[in-house]
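Pasting the structures here.
One chain, subunit A, links the two complexes that follow: it is found with subunit B in the first and with subunit C in the second.
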Partner chain A sequence: MHDLIQRPLPGAQKRRAERASGRETLAALAPLGGLIALSIAFVLIGSARGINMAYSVETLVNQSVIIVIIATGAIFIFAMGSFDISLGASTLVAAMVGGLTYNATESLWAMLLACVATAVTASLISAALAAIFDLPVFVTTVAMLSVLGAVAVALVQTTGGAQIRVDSAFARSYDTLTVKFVVAAVFIVLCVFLFSVTRLGRVEKLIGGNPVTARLTGIPMKKTALAAFAIAGLGVGLGAFLTVLRTPTLTTSTAGDIGMNVLVAMVFGGMPISGGPRTRIYAALVGGLSMAVLNQTMTTLLASTSAGNGIAQVVRAVFFLAVVWVATSGHRGRLLPR
Partner chain B sequence: MRRVTGALAIPVTVFVVLTALCSINGASLFGTDDSLLLLTRGVATTMLTAMALAINLNSGRFDFSLGAMATLSSVIGATVAIQTGSGIVVMGGITVAVGVALGAFSGLVYVLLGISPMVCSLGITLLYEGVSFAITGGANVSFLLDGGLTSFSKSPAAMAAVIAVGLLVVVLLFDQSRFGYDYRALITGQGPAVAAGIREKRNAVAAYAISGGLMGAVGLILASQMGYIEAGKLNFGSIGIMFTAFLPMFVGGFIGRYSNDKLGYLLGALCTTLLGLAFAALHLTSTVQSITNALLLVGFLLFLSNEDKLARLWRRVARRDRHTTGHLPPASPDVPAQPIVRTGATAS
Partner chain C sequence: MKITRSTTLAALAALGLTLGTAACSSGTAAENDTAAAGTGGETVKMCVLVSDATSSEALGFKDYYTQYIQQNFDVEFVYSEELADADAEKRAMESFIANNCRAIISFASADRPAQIEMAESAGIYYSVATGTLTDEQYEMFKDYQYYVGAIGPSLDVELQAGYDMAKHFVDEGDTRFAIYGAGIPYYIDMHIYRTAGMLAALAEDPSTTYGGAKEFGDILGVIMRDGTIKVDQFASDVYELTGYQEVWDFDDSAWQANLAAVVSSKPDVILAAGTGFAVFGAAVSGTDIAIGDIDAYTDENAKAMEAGSLSYLAGKFTSSTGPIFAATLSAVQGHPIRGEGDTALALEQGYWVATSIDQFNEFLAADTIESPVYDQAALEPFIGTDVSYDDFAAFVSKYSFDELAG
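Presenting the complex of A and B:
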């Protein structure tokens, strides 16, 4: 028995195991390596072009903080192998309700509460539909996308115009780096604690990795899903709160691209779309920052050309595919992934 | 008889209910002069999009890039047609051919990189949107005054021809060819099919190419309908086009159990288009339309996900009725009803 455990691997097998381990390490470090490489490129290109770096860094934070917050919360959903496509629409509706609440109460805290309550409610409706009626989560979120889009149109119509305006002086006074850092730091620390220290994170990884085993071991699947969606809703609510402060004039197209950008940021940061044991809570931070650094670099390079935004997006797509390819290099099988 | 009933139950019910609703409200489902055009055009775009979505979704591959493929292929087709002064035939040929090429490229990226198809499609969407923007500088490609290019989508006959050709091509490729047999084998058992010698990567690229060709046709119809193409959509602005296809795709998958899933997509698209005509006839706001569509999607999926439970409940109720009227209980135990054909769209 002792011999079986201690027996050394034969040479070729050992080398294969070492190579596989090396690929795993490379895959795990690829997103972080990408962020470092992009940051170096950002500094070099910015310095060469003589741009105001302090201003660029502030823009970079403004671009990334909302994505990072929402993506960090959404990791709890994606870790279970579920998929939420309605995050952007939920952010918009929560921001609109928050804006209307501020206009009615002129209270910052009431606005924050309204944003969070709306987003958590929307998130829990998706989860409850999926959990109670055995619907695929992705499909319920597609339906929620339509419903929330319609709700956003209805909310705008309550003002009699095409937008919901919040007092811009009020918004400007709170649209500061300090507020953003505090909100982001509190939420990220909470998520890291819940995901890495409590049972919730371990259970979610198990559900994402092997749902059948998870069910057989007695894990409460529905309760876990509801908890995950509630945390994701909290992140969306906080993102919506910062959106109102950043963009006090809300239209139906506000936050339109947030949902998909959140997804891209998570994958960019090394989050496997199938969830499971390889889920990384820091993926949202690394991915969100990487996207923002890349965007800023491309803006510096291509701002003067009419096709600039298109070329910037092409470069972003190529980077995205390359990072994902490297990040998944240790996990390819004989069959095509599905 | 059961097959005919199963296949026609939803479309006939939808038609009867919508006609009744319109009549009660003093409106007509086909009240306008261009109702036939709206019907054929709606069915054509919805059916082609539903088939393009289902081709890969049936294989567990969700594709976000369908809208971007439709936009980029029509941008290239229209740009060439405008610059060379050629007509709709050239524009159509180029648009569909570019759609096939874009789909094949998307499939190649997927098989060569070996990454999750959903993630791959995110990258491809960004790529194609970026290329569309770069080609046009973010401006619309407009040909509003070119009657030759805009006449295509104003002809019900042309739209009917698109429906017939699209359906025929997809049925031939998926039901009557070696590619189609391999495709179904891969759906039902990926590992055994590959072990048996089916070339999965080649099949996947071909499936993506067909899907791209269908979206090229959709792009052509939409471009011809509007007289311009919005090429400045970045950051996933193009993905909305496929959300219209979810309901008809699931309805089509259900109908396909009783007949053929491609015919199901046609009938599913017919139901959705009739619904759109009814919304217009009843003057419903876009908010009500969106919520109604979402509720219908959720309701239908609730039915699909709980079909077995509903069937068991129905049998129990029927048995209780028989007992109370003096009939003997059934001699055999309950066996859940099996659908005739287990095909159709699924989503994860």
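Presenting the complex of A and C:
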């Protein structure tokens, strides 16, 4: 018969447990440590090179806020072990619909509503198709990627050219740090609340960790997926809204790198790509800021070098691998990586 | 909600950045005002925006700046990576401003108004190389303190270049034409004006119209309305428009299919609004199809003309970006060259036209990186001294081969 009374761990076993706990802590803090290390490097290098630090910090926010918002919403999808490859295309189409709406109505709120409605609709179509045909969500988002690309071309052709131009004076007047902070803060607080306080976050982590168990415990899988995609769509819509304000000249290549950047930001922030219980809602914030700081530091360091752009990309890749390696060290080699 | 150490640290990091931004942002304008005053004999950091980093024309311009100008003037050039769209331009501008560039020379035109606004806000001199603003844009920005101006082919020069090229082939007896409109769907003005010029030359024949229009202004209106060229809008008893191609989407299969269709339509000539040989060179190799192009004097185009594929080139010469550099550096050094009423420069610079390989080689040899036509001696009188607008305008207006190197 098992002894149910908890006994003190023997010395060696205790040390092993402490080491394991230490590795877990190190792994959990690695992305944040990376951000802090990058920020220190940025300040040191920037000061040594005499860069305009105020403008640089402003640039960091400008260049990371859209990624952070979209990635924070997308965490709800990735937490379930799902994968959305159409985030960039969805952002583009939502931004174009928003731009056309503004041109027709000259209303900021109508533009915001159009961006959000378009993105949420596109996101829900992916989830609904997956539910109806019982397909992996990744497959339906691949299909949506093609469809959204075609929609973007069709939208831009309504102008008779290759661009959708929104009044730049209007865009400039709202492309401010205050607007960005408010939009980002409201959305991130909402996401943190939903993910960390409500049942939704716990359910999503359970689905990501073990979908069979989740199903057997009676969790409504399709409803949860729809909720996750709706929140991700909201993030994409807000990101598209800020995209129009930041770049009022929209072409089919606008937001082209957002999908990949969102993915990199999440992983950089310590998000396990397989989702599950290790999912952290702040991963997008940490990862998005880390990417922006790294980019800015590399630009400062290598701006005058003829091969600067190439070197910067290699350094980014190495740093990315290092952070992810440390972040996964706590659970690498286990039978159940989730 | 469980508050972990990492959650706390993440919140602190975000808060720190937020406060840092708020605290620092108020100092931006003042710091840049200080930076804009004089160079104090230091090397001037000039940043260059490029939308094309690989063509021989772009590489020629870059070599002139980084190899000749940088060797002979106290400047350091920092180039952007290839900028695909307006957002990439904006990110590059942000990086340049953050890195204390003293001036920005732009070869990228996805959203010029945004670039000019950003430079003005940051207190950094900004100029447009190898192009000009539209009249409407110039009116909007001509009074900006930090907008140095633009030196390049005006839209009238672009129109004339397209007209002259088409007229040249008409005079040679060609009747079957295809057109490569390059950036027309992106509303790149120079490409639209060049193409309108080509069609206007063909429309001089009484039976020829485009979209029912015969005059240049009307043809321009049709192109602006459509954002493209429609082959079925071309009507003529004498000429035939056999095909049309545009943009640079080399990877797209539909684009490749259309390129093949244009070549298969067997025109006598492909009239290109830019980068004609780069796009059609391989496709017309081994055919009798000639290319007329408005591009630049590069080794690549020399080979094309030698091989007979390129039979007409209205081209920019490599050091044609010298005068805008001089004006920009002079502005950084506290001696901006301004027009009447303290307005920004808007000066015309045209093309050198070659219709034979001998002529082409003569042009190419006259303007090299080692010995450009706009060399140190030519530019120095306009830098760092109070030069009048009229003197500088007269200097820029003498851009023909005969005046510069003949």
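Everything below uses one rule, namely that the second predicted complex is superposed on the first by the 328 of 338 C-alpha atoms of A that agree within 3 Å, B and C clash if a C-alpha of one lies under 4 Å from a C-alpha of the other, contacts with A are read in each partner's own complex, and residues count from 1 in each chain.
Throughout what follows, a residue touches a chain if its C-beta (ideal position, glycine included) is under 8 Å from a C-beta of that chain, and two chains touch if they have at least 3 such contacts.
Please read these numbers as outputs of a predicted model, since none were measured by experiment.
When the shared chain is aligned, subunit B comes close enough to touch A:Ser274, but subunit C does not. Of the two partner chains placed around the shared chain by superposition, subunit B is the only one that A:Val318 touches, whereas subunit C remains out of contact. Contacts of A:Ala79 after superposition on the shared chain: neither subunit B nor subunit C is touched. Contacts of A:Ala28 after superposition: subunit C is touched, whereas subunit B is not reached. Of the two partner chains placed by the overlay, neither subunit B nor subunit C lies in contact with A:Leu38.
Once chain A of one complex is fitted onto chain A of the other, the partner contacts of A:Ala150 are limited to subunit B, with no touch recorded for subunit C.
In the superposition on chain A, A:Asn62 contacts subunit C only, with no contact to subunit B.
Of the two partner chains placed by the overlay, only subunit B lies in contact with A:Pro136; subunit C stays clear of it. Touch criterion not met for A:Ala122: it reaches neither subunit B nor subunit C.
In the superposition on chain A, the residues of subunit A contacted by subunit B and by subunit C overlap at 256, 306, 309. By the touch rule above, subunit A contacts subunit B in their complex via residues 83, 129, 133-136, 138-140, 142-147, 149-151, 153-154, 157, 256-257, 259-261, 263-264, 267, 272-274, 306-307, 309-318, 320-321, 324-325, 328, 332, 334-338. The residues of subunit A lying in touch with subunit C in their complex are 25, 28-29, 32, 35-36, 39, 49-63, 159-163, 168, 172, 177, 181, 192, 196-197, 243, 246-251, 253-256, 280, 282, 285-286, 289, 296, 299-300, 303-304, 306, 309.
Listed in rising order, the residues of subunit B touching subunit A in the complex are 59-62, 64, 109-111, 113-120, 122-127, 129-135, 137-138, 190-191, 194, 200-201, 204, 234-237, 239, 243, 246, 286-291, 293-295, 297-298, 301-302, 305-306, 347-348. The touching residues of subunit C, when paired with subunit A in their complex, are 1-2, 4-7, 9-10, 13-14, 17-18, 20-22, 24-28, 31-32, 66, 76, 78, 81, 84-87, 90-91, 94-95, 97-100, 110-111, 113-114, 117, 122, 185-187, 225-228, 247.
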